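Below, chain A partners chain B and then partners chain C, in two separate complexes.
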Partner chain A sequence: MEFDFLAIWDHRDILIAGVLTTLLISLISIPIAIILGAGTCLLRISPKRTMRWPAVAYIELMRNIPLLILIFMVFYALPFYGIRISGFTTGIICLSAYGAAYFAEIFRGGVEAVPKGQFEASRALGLKYGFYMRRVIFPQLYSYVFPPGSNIALTMIKESSLLSMITVTELTYAASDINGRTFAPVETFATIALIYWGISTLFLKLAGSTQARLGAHDSNSAIALR
Partner chain B sequence: MDLQYLEILPRTEPLFIGMLYTIFVGIIACLVGIIVGTALLMMRNNRIWIVRFIANAYGSFIRGTPALVQILIFYYALAPLTGINIGPVTAGIMAVGFNSGAYVAEILRGGLSRIPKGQFEAAAALGLPKHKVWFKVILPQVFHSVIPLLVNEFTMVIKITPLLSTITLVELTRASQMLYNETFRPVEVLTITALIYFVICYAISHFGEVLQRRSLKFRP
Partner chain C sequence: MTTALEDRRVTIKIHNMNKWYGDFHVLKGINLNVREGERIVICGPSGSGKSTLIRCINRLEEHKDGDIFVDGTPLTDDTKNIDQIRSEVGMCFQQFNLFPHLTILENCLLAPMSVRKMSLNAATNIAMKYLEKVKIPDQADKYPNQLSGGQQQRVAIARALCMQPQVMLFDEPTSALDPEMIGEVLETMEELAGEGMTMICVTHEMGFARKVADRIVFMDKGQIVEINDPETFFDAPKEERTKTFLTQVLQH
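For the complex of A and B:
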């Protein structure tokens, strides 16, 4: 068979728009997920049961339901309650809610790695909870949290491909679009696979160099999740 | 809108068939993943650099591209490329299995790093042939130490099977889509679906945690 990469080249504007949308979605939802995750982690490690249990329930729900089902629930079920949101917004909400649960677990792992004596010392010095969490505990977390955290962020970039199912015009949707116009599935999907691979490799390189600067521990984070 | 679970519940039979299908696909894909992962692990430790390079490139590609794209490639691109015409079921299972394989290889590598190098040397010194060193000495120990992680990997596999609904496999997600298109009740159907996924994944990951705790207890 012959390869018709020219057909892809003719539709490059769709692909470029798709890449930009994918990057935009990731760029918005990753910071939201990190912030939400830190908040959930604070609830999760709280000594009060009424604060801890909602966080546990949230984390377990997000970790045990496939993202696609979550996206469908937000996209198809919310309009029945009069809430109409676009696919793009749905995507950002779902991705950040999903990532937040994983970030919360990572942060919790980091906080647990900090020696108990530091909490006691901070309390003994009369520091307030908010202050010592912010100024003593969290700054130490970078090195523990960074390797698995970058892994989750990469996962979120990849998972954004699921949004093609709710007609968000990101990279995978662009590919289906081009495939529908050109009937060249091999070239189209090979191209977007290469683009995704490029994005991931670039992201991992960036994360790796930042990690080296932070002097982070290299745990075997690769097995965290996909 | 008021929820009408009582009307939906008698019609959820396709969901349970879909659930069984999801579990079936998950088990087969996991087995494929373990075979592929073991092969990748052995390729990574090969003496010939090109074999190592192929294994590393494969792992990087699988981990660098979305599972959905891999499934689409398997479904749309494999037949025109190789002339092998496999149906959606085989394509889906293979795609998920080959995806899982790259992650299983990472898990096994973690297990292998805990095994002292001396074991290879001792086995070689005893005159065991290469394949026996791997299959009789090294791999049993590796698998024993990573069983909890492999159980977790199974939940990961279950969690990517919904993507197979895009290539017309009637597993749980597809069954629920068909059901809510038929009944116009997405809220009820999707919450039941989510509940089923939650129960499956939570049960398996809880089982994994129990295994992990037990394996820690029996390890010096």
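For the complex of A and C:
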């Protein structure tokens, strides 16, 4: 059997558009997931039960249903209630919501790893809960949350391929498209796998160097006080 | 400081206070008044509840029964009231608990700027004043882990002082230090005592207690066994348990 990568080269514009869409979705969803995850974590570890349980319910829901089902619910079920959202936006919402639950749990693990004395010193100084979590505890989390955090971010990038099911023209959709035009599934999907692999490797490299930069307490530039 | 101690305002009033950890009765019927400018040393064997007692004063621990008043304000569950009291009560811990991701100066700026709403300039002035007082102004831009234990504890004292608290609590401030660094921390505390700061110190440093304390509180098994001035406490203790404790700690 012969490999015909030329057929794919001919459709590179579809491929490039797909890569860009995948990157764009990831680039938007990951930061939202991190911020949403931090907020969910704050609720999850709150001393007040009424704050805790919505966070617990949310995390459990997100972790226990397949992402694809979540995507289908938002894209196919919500229109019955008059809420119609584009595939792209559905992707952003679902991926962010999904990632946020995992980030929340990762942050919680990190917060529990910070020595108790840091909380006590903060409270003894009269700092308010939200303030000291944000300024004292969270900045100390990097080393605890970076490795599992980058894993979740990476999972989000790869899981964005599910959006091809609701006609978002990201990388996997582009692959099906090209496959339909060229009838060269081996070449097409091998190329796509390579591209995902490239994106992932690049992302992990980036995350690794960022962690190294943030990890060194005594050399990092001071965090602005306000 | 001409007023006799007895005539001064009561800063901290603990009345019939009890606390349990589950079934364990950790503090039993504690009564203690601390007047403005008074220096109290709390000592006793480990597990006697002395740390728990001072941690109740700024509500790092909750008491279950009885009352605690700080400057006339009762300690309750009301968060506003707790934050208010905490901003008036400084605390130093055994493990220093400096914030490792902030410089020494930033450690000192955080609370005055956030709680007292001070400007950066005003807060920096105060921070530098207290860092000079504890003799480490030249380390202001370093991070905590670049300092020795003794220096870190002195920074922790300065950080608490930056809030200009009415009372300072010390929870075994020298217990985690190498022997050669204990002196510098005790010196700083003595200096503070000399300036009329109201202080409650949990410590095993009996030399410090004798030199600095107005009254020594001896605790055992969750109770206050004896309260006396240092001379009486060390030279003519009333209670048998105090005598036993003193022979144990003063032997070496």
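Some observations on this one:
Assume the second predicted complex is superposed on the first by the 215 of 226 C-alpha atoms of A that agree within 3 Å, B and C clash if a C-alpha of one lies under 4 Å from a C-alpha of the other, contacts with A are read in each partner's own complex, and residues count from 1 in each chain.
Operating definition for what follows: contacts are C-beta pairs under 8 Å (C-beta built on N, C-alpha and C of every residue); 3 or more make two chains touch, one makes a residue touch a chain.
Worth saying up front: this structure is predicted, and the values here are computed from it rather than measured.
Of the two partner chains placed by superposition, only chain C is touched by A:G126; chain B is not.
When the two structures are aligned on the shared chain, A:Q118 is found in touch with chain C, with no touch to chain B. In the superposition on chain A, A:I83 contacts neither chain B nor chain C.
Of the two partner chains placed around the shared chain by superposition, chain C is the only one that A:P139 touches, whereas chain B remains out of contact. Between chain B and chain C, it is B that contacts the larger number of residues in chain A.
Overlaid on A, the two complexes show chain B and chain C touching the same residues of chain A, namely 220, 222-223, 225-226. Residues of chain A that touch chain C in their complex: 115, 117-118, 120-121, 123-128, 131, 135-136, 139-140, 217-218, 220, 222-223, 225-226.
Contact residues on chain C toward chain A in their complex (touch as defined above): 58, 60, 83-84, 86-87, 89-91, 93, 95-103, 106, 109-111, 113-115, 120, 142-143, 145-146, 156, 159-160, 163.
On the side of chain B, the complex with chain A involves touching residues 1, 60-61, 63-70, 72-73, 76-77, 80-81, 99, 103, 106-107, 109-110, 149, 155-156, 158-163, 165-166, 173, 177, 180, 186-187, 190-191, 193-194, 197-198, 201-202, 205. Considering their complex, residues 1, 60-61, 63-70, 72-73, 76-77, 80-81, 158-162, 164-165, 172, 175-176, 179, 185-186, 189-190, 192-193, 196-197, 199-201, 204, 220, 222-223, 225-226 of chain A touch chain B.
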